[in-house]
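One structure, as structure tokens, below. Some questions next.
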Amino acid sequence: MRHNLKINKSLMIVNILLFMLWAGAALADEAAPAPVAAPEIKTSDLKIGMDTMWVMITAFLVFFMNLGFAAVESGFARAKNCVNIMSKNFVVFAVSSIGFLLLGWGLMFGDGSGLIGLKGLFMVSGADNSPATGGAYEGVYSAISWTGVPLWAKFFFQLVFCGTAATIVSGAVAERIKYLSFIVFSFVMAMLIYPVVGHWVWGGGWLAKMGMFDFAGSTVVHCVGGWAALAGVIILGPRIGKFSNGQIKSIPGHNLSLATVGTFVLWFGWFGFNPGSTMAADPVGISHVAVTTNAAAAAAIMSATIVSYLLLRKPDLGMTLNGCLAGLVAITAPCAFVSVSSALIIGAIAGVLVVLAVLMFDRLRLDDPVGALSVHLVNGIFGTICVGLFAQDKITGTATGNGLFFGGGFTLLNAQLAAVITVGLFVFFMSAIAWIAIRAIMGLRVSREEEMRGLDIGEHGNEAYSGFQVFSTM
Amino acid sequence: MRHNLKINKSLMIVNILLFMLWAGAALADEAAPAPVAAPEIKTSDLKIGMDTMWVMITAFLVFFMNLGFAAVESGFARAKNCVNIMSKNFVVFAVSSIGFLLLGWGLMFGDGSGLIGLKGLFMVSGADNSPATGGAYEGVYSAISWTGVPLWAKFFFQLVFCGTAATIVSGAVAERIKYLSFIVFSFVMAMLIYPVVGHWVWGGGWLAKMGMFDFAGSTVVHCVGGWAALAGVIILGPRIGKFSNGQIKSIPGHNLSLATVGTFVLWFGWFGFNPGSTMAADPVGISHVAVTTNAAAAAAIMSATIVSYLLLRKPDLGMTLNGCLAGLVAITAPCAFVSVSSALIIGAIAGVLVVLAVLMFDRLRLDDPVGALSVHLVNGIFGTICVGLFAQDKITGTATGNGLFFGGGFTLLNAQLAAVITVGLFVFFMSAIAWIAIRAIMGLRVSREEEMRGLDIGEHGNEAYSGFQVFSTM
Amino acid sequence: MRHNLKINKSLMIVNILLFMLWAGAALADEAAPAPVAAPEIKTSDLKIGMDTMWVMITAFLVFFMNLGFAAVESGFARAKNCVNIMSKNFVVFAVSSIGFLLLGWGLMFGDGSGLIGLKGLFMVSGADNSPATGGAYEGVYSAISWTGVPLWAKFFFQLVFCGTAATIVSGAVAERIKYLSFIVFSFVMAMLIYPVVGHWVWGGGWLAKMGMFDFAGSTVVHCVGGWAALAGVIILGPRIGKFSNGQIKSIPGHNLSLATVGTFVLWFGWFGFNPGSTMAADPVGISHVAVTTNAAAAAAIMSATIVSYLLLRKPDLGMTLNGCLAGLVAITAPCAFVSVSSALIIGAIAGVLVVLAVLMFDRLRLDDPVGALSVHLVNGIFGTICVGLFAQDKITGTATGNGLFFGGGFTLLNAQLAAVITVGLFVFFMSAIAWIAIRAIMGLRVSREEEMRGLDIGEHGNEAYSGFQVFSTM
Amino acid sequence: MKLIIAYIQPHKLEEVKAALAKAEVGKMSVTNSLGCGAQMGYEESYRGVKFEVNLLKKVRLEIAVNESFVDKTVNAIIGAARTGQIGDGKIFIVDLVECIRIRTGERGSAAIG
Amino acid sequence: MKLIIAYIQPHKLEEVKAALAKAEVGKMSVTNSLGCGAQMGYEESYRGVKFEVNLLKKVRLEIAVNESFVDKTVNAIIGAARTGQIGDGKIFIVDLVECIRIRTGERGSAAIG
Amino acid sequence: MKLIIAYIQPHKLEEVKAALAKAEVGKMSVTNSLGCGAQMGYEESYRGVKFEVNLLKKVRLEIAVNESFVDKTVNAIIGAARTGQIGDGKIFIVDLVECIRIRTGERGSAAIG
């Protein structure tokens, strides 16, 4: 009651006030709230602030890549499946956010064996005195105690990487997978498969101890996503009409503007992905990494365009876009360990690889609507190996030792190869099991009728472009 | 004359130079400009630099949300009104920029009464010695003197928030409002309605003094936008055909790719909106807020999808997207005051609320083409209340006291409710007056013929998708 | 061999592990890697870190503008040329990246004559001890030694600007130019034309010495792009059907949503473009520049919309979008040298200029599908001149001296005019030569048949919107 | 048998379909079309250049019916599509010499419904 | 001469074209159309509001042929388009009184092929 | 009365409309269509897989006229649409047994114009 009265009173006043605008002046001017005294400032605190800023901002950029993946994947698919792909790519980051919070983070960074994390497994609830680093650190997530930022900053940065790995799968299995089944698989990715590999490489696991290096995740993110996608592609089988009576049919994407926009966004996001992986505002590191990253992308764009020019007589935009992504994936592992010139070479090769891979997977009758395998799997492997070939010791500070081409011999290369093989076997095997289990329990593929009419109507009851005359004979 | 001669001479030289590329070497090598001596560096200056960087970068992200709103709103509307919605959402930020500069800022942050600011009203022209803070501050914008950044940084950050409030209205009144009338209303929002509420909560006004907390604007931004939109929706009436002979007709959006892209952009921008509202590079604060923000969004996406699954038998993409936004709106007020687990709960509830709200507004015959009311109004209110329920004192430093669920009793909750009610009454009342005045003066709604043919041709003489066969019976 | 054995063993373990999830606990818990001792922190290092962060993040934003240009330009073109425009805008940044690395940077920033850089020309390979600044600097890129960031940060920031200049040309020559010919021209831009002008103004060249000021590139970036575009437009001639039997025909763009999204992205990116050009996290500078930049854009949007309202009786969205860009281009040179009020005036005039310019170029029978000339050339010139008119000495620290309107007389204005004229002559002349040479060697324009059917099929063999009924009589 | 071709205003389609259903005419084919007739066009403008649009969106119905249904059908269409304003549309009727149901191969009147 | 109008399922177009080519019928015009017939529609929903869609995507073929080709053409279409399921489509035949090739001005049977 | 169906090249539409207007034929309906004829198609490719496109964009005109207008109309179309190159298109003419103006209910010749 009193409340209401008071409100009405103030309201009346407000109105009077606003109509003869300055009347308010009549009211006594009230003192400003007591000022909070500024705390004295330590350089160490400034450093923490700076590093946290860098980690968060780059994490935001990586988050933004979700838009890129959604746009690229739906743009390369048919209009009738657009809503479904958008839904998958949209919901997958929510799934990762929850899965990685519940268990993923703990499995990946919790102190534990060489194979998995065992402490502070659930809800990032382990003891931790971040941003304390090194010797000062006390807690159960010591593998990531090298960076001096708060625990939630570490978590968020790692989360967006986990989300990327999960989202890679979406494109390869597009246009035929059940929405719900995909969601379930994404949980498995975010909670188990990704974190385990992550533990091996970034969580102080056996590969890390073996001296394997993956700066920003050619292996941890892209190979993991790629192998899981491959298993899915094999188990799902090709889309209806893709390989009919022995021929390879093309199923053109419905919106190449969208796909191009998406690729630009991914390129942009990669400037968070790679330079951000310093997890500190290290001037030399971040600028070097940004330049190697961009150089590789540029070289790959050129080489992919040229190769498709030569092979297909016309420069296919899809190939140019995949070329860009291929270069970015390939440089992800080595970006901080190689020179700019090496980055150019790595990128140039990646651009060629991706074009050949796209053609190869078609020949192999593996139907990957968006080229996820050619981009993430093939070049994730290539990039991981490149560390063993092109690394130059301490080029941005990290003691990787030299790669084969720089007189370092096979030590580094072997570690990289070990990672490629073990991660490949593990992820392919684990995700195959997951796919098969899901198929057994809830089914994996939509009905033939639904696939013909489109998953948008079948799975969601929606139409992506209502009012537009969309007319396709496939 | 002499000038020309000189130019031609240098030009000739240039060309010679460029054709035998190194000839230039012949010219005497000139000394580099005298180096500027680097100033000695104080940690306090570094802090100001850091905080300003954070404020500006997050402000840029919030600015970027304009793209998100434009994409979501036009994607959810019909092709024939796409140009109009894009125009509205594009021009509205220009309007806010000017209106908030002219008067809005002063009304909101100028020292004054508990109801409005009265000093330094126009053009941000009041005395101010920012970045000085607390006791050292001397000026007329003391309510915001707690953050140590330059005045223009404060202004810009607050401006992008004002713009968001104004843009929220656009979607709800879409597909039938006159372009010019909307522009006029936006001026009223940016110059009067928003700043007054802003003064109450963030400008040291009576709600602030009452101990009401709204970290990033569930009330100040989203409720304000939502109530103004509600008034508009009621006064404008539904679109032709939406409720014909007692039935609720669906008017599908023309481009769900665009809507999804837009929602991703909004989610991305929210990482500026919430973490940026620390207005300082406070490591613990910004990482905590980023995680609570994302957790709420993720939970809301899941719950909205599940609920629409159960209620509508199919997971509607529109609901999933609205769910995400609902979670983000709901966590906006409490993001810095609640735990990550609470954020998950808040988000999960928000996702349910938004689906029910969309259905409810249809039943109430309130035609909101994009769900702005369900997202911003309903969840703005819910989020504001959540502070009173889930707040944990000093969880990121701010002394909010505990919310009801954490033993804090009703003190905080009452303050929050007072805000919900008074802001609701004030904004609804004020904007109703504004809408009605505009209708009287210049008309509010386009003609029936224009609405049938589409506002793109009627208001702008443009077509959004020239060349595409767009065919709609509505 | 041993390797494989080892791998298989570990693999088996992994699986056992994952099936009875906690078995892993059995394994001995291993110590975390030896912590790296945190280095002691100097404020000068923090400053370098901060500045580098700012430079890199704003550079990322400028990079992102590539998406904006691609979206605006393809949105304003016809569907049948969409793939081609996307390809051009996508590949052009790759070209710039390589061209500017190979030679561009050296020509622009290498110590040399007043006309071109001569030292450290290739691959950014010159001696350089960045981030050392001023007196402490030792190297061959002294013109840019005023900013205390690593060399690669300087390079990357300058690269994204070079890319912008190159991309501006794309839109003006769209819908008729051969893909390959455009690529070749872009190399010339990035390797020769842009760097030379850049040297004059930012590389310590003769214009810099003359006291000419161009804060973020109205001249260096936009005029350069604009003049090169003009030469291209003249030499290519108009699109078929644009000027048929004496009449000006309109050729509507195919996707104004895309164009609007693109313009928002450009506006967003400009907050990197202008505030970033401080190349240091200077609080007062960056916040002042952000506000002037936004004020000019807002004013230009309003004035362009109003003028097109009056002139065309309806507010054309295309004009509103071009208005925004015009304001941004115009404020690019003066943003750090003028007051916010001056920025409003500059923007308002720019918005009027762009509308008149669009109409004028049509009358002049110069066919510029996207308005690149009206935006970048006309307003690049206008903005450059505005420095000479509106500059206020040291308003953000730089000693520009006052402009004409602030009692500074003609000194500054003359320097600005000298730049406008010489840059104009040089770029127009050089690019005309380049265009003509390319035409002679490889041809410049696609065949009439190809232009009718669309460059997407002709140049790329792709379709942008497969499945959509696109039906155009042009 | 007759083939009835009708051009109507797009927003009348739902009502016409309902009216036809009442007249027990359940089968038809619908195509979007652009019509040029007595109805006035409108002006568009793009980047300052104006142009007349005189091809207006219409819906084209194609309905094959037996003689006995012709009038019913025509009346149903007129009844539902007429607004009395220019632009309502036209109905054209041509002779149908054969009609075949692909599914069954049935021919003639039997195949129409 | 006859004008053959056939409505088929979109995904049958390629096969029908192939069959027609075999029957030496190489010329035709194709339009997308929405069909309402015996075939059941489906339900869509948007933001919580459901609606029935009973206009299904079909392809409309228009083929002008000489008498001698009528049966061939019809059989080719039926042969390729039939699945035996509701929705296969219909074929309509009307008399063609004249046919003109714009390029040459040729008229009648000569102009058809 | 006759119903004239003409397939022309899309970029010829404006000229044909102008020519028809000169011939005092102001009313028509226009639909976009895909044509398969003597004109050669072209090759597209997508992500490395090539495919032939032999359905080319055409515009379909449908014009109902009284007998007295048939020749005028045909000549106008031919005059404006002919380029002499393969792909110019075809004109088909069928008998129109009835024509009704929905707005007024007028029938026959009166309703055509």
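In this document, chain identifiers A, B, C, D, E and F correspond to the written order of the chains, with residue numbering beginning at 1 in each.
What we mean here is this: contacts are C-beta pairs under 8 Å (C-beta built on N, C-alpha and C of every residue); 3 or more make two chains touch, one makes a residue touch a chain.
Predicted model only: the values in this text are computed from it and were never measured.
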Would you pick out the chains that touch subunit B and also touch subunit E? A, D
Pick the pair with more C-beta contacts: B-D or C-D? C-D
Counting only Cα atoms for the centres, state how far subunit A is from subunit B in Å. 27
Nearest whole angstrom, what separates the Cα centre of subunit E from the Cα centre of subunit F? 18
Rounded Å distance, subunit C centre to subunit F centre (Cα mean): 47
Inter-chain centre distance, subunit C versus subunit E - centres from mean C-alpha coordinates, in Å: 52
Residue list for subunit E, restricted to those that touch at least two other chains: 31-32, 44-46, 50, 94-95
Would you please write down the residue numbers of subunit B that are in contact with two or more other chains? 43, 46, 50, 53, 57, 252-253, 255, 261, 312, 314, 316, 318, 461-463, 465-466, 468-469, 471-472
Touching pairs here come out as A-B, A-C, A-E, A-F, B-C, B-D, B-E, C-D, C-F, D-E, D-F, E-F
Mind listing the subunit A positions that touch subunit F in their complex? 76, 248-253, 308, 311-312, 314, 316, 318-319, 322, 355, 358-359, 362, 371
Mind pulling up the subunit F residues that touch subunit C in the complex? 10-11, 13-14, 32, 42-46, 50, 57, 59
Any idea which subunit D residues touch subunit E in the complex? 3, 17, 26-31, 62, 64, 94-103, 105, 111
Going by the contact rule set out above, which residues of subunit A touch subunit E in the complex? 241, 452-453, 457, 461-463, 466, 469, 471-474
Show me the residue ranges of subunit F that touch subunit E in the complex, using the header's touch definition. 2, 5-8, 31-38, 55, 58, 60, 74, 77-78, 81-95
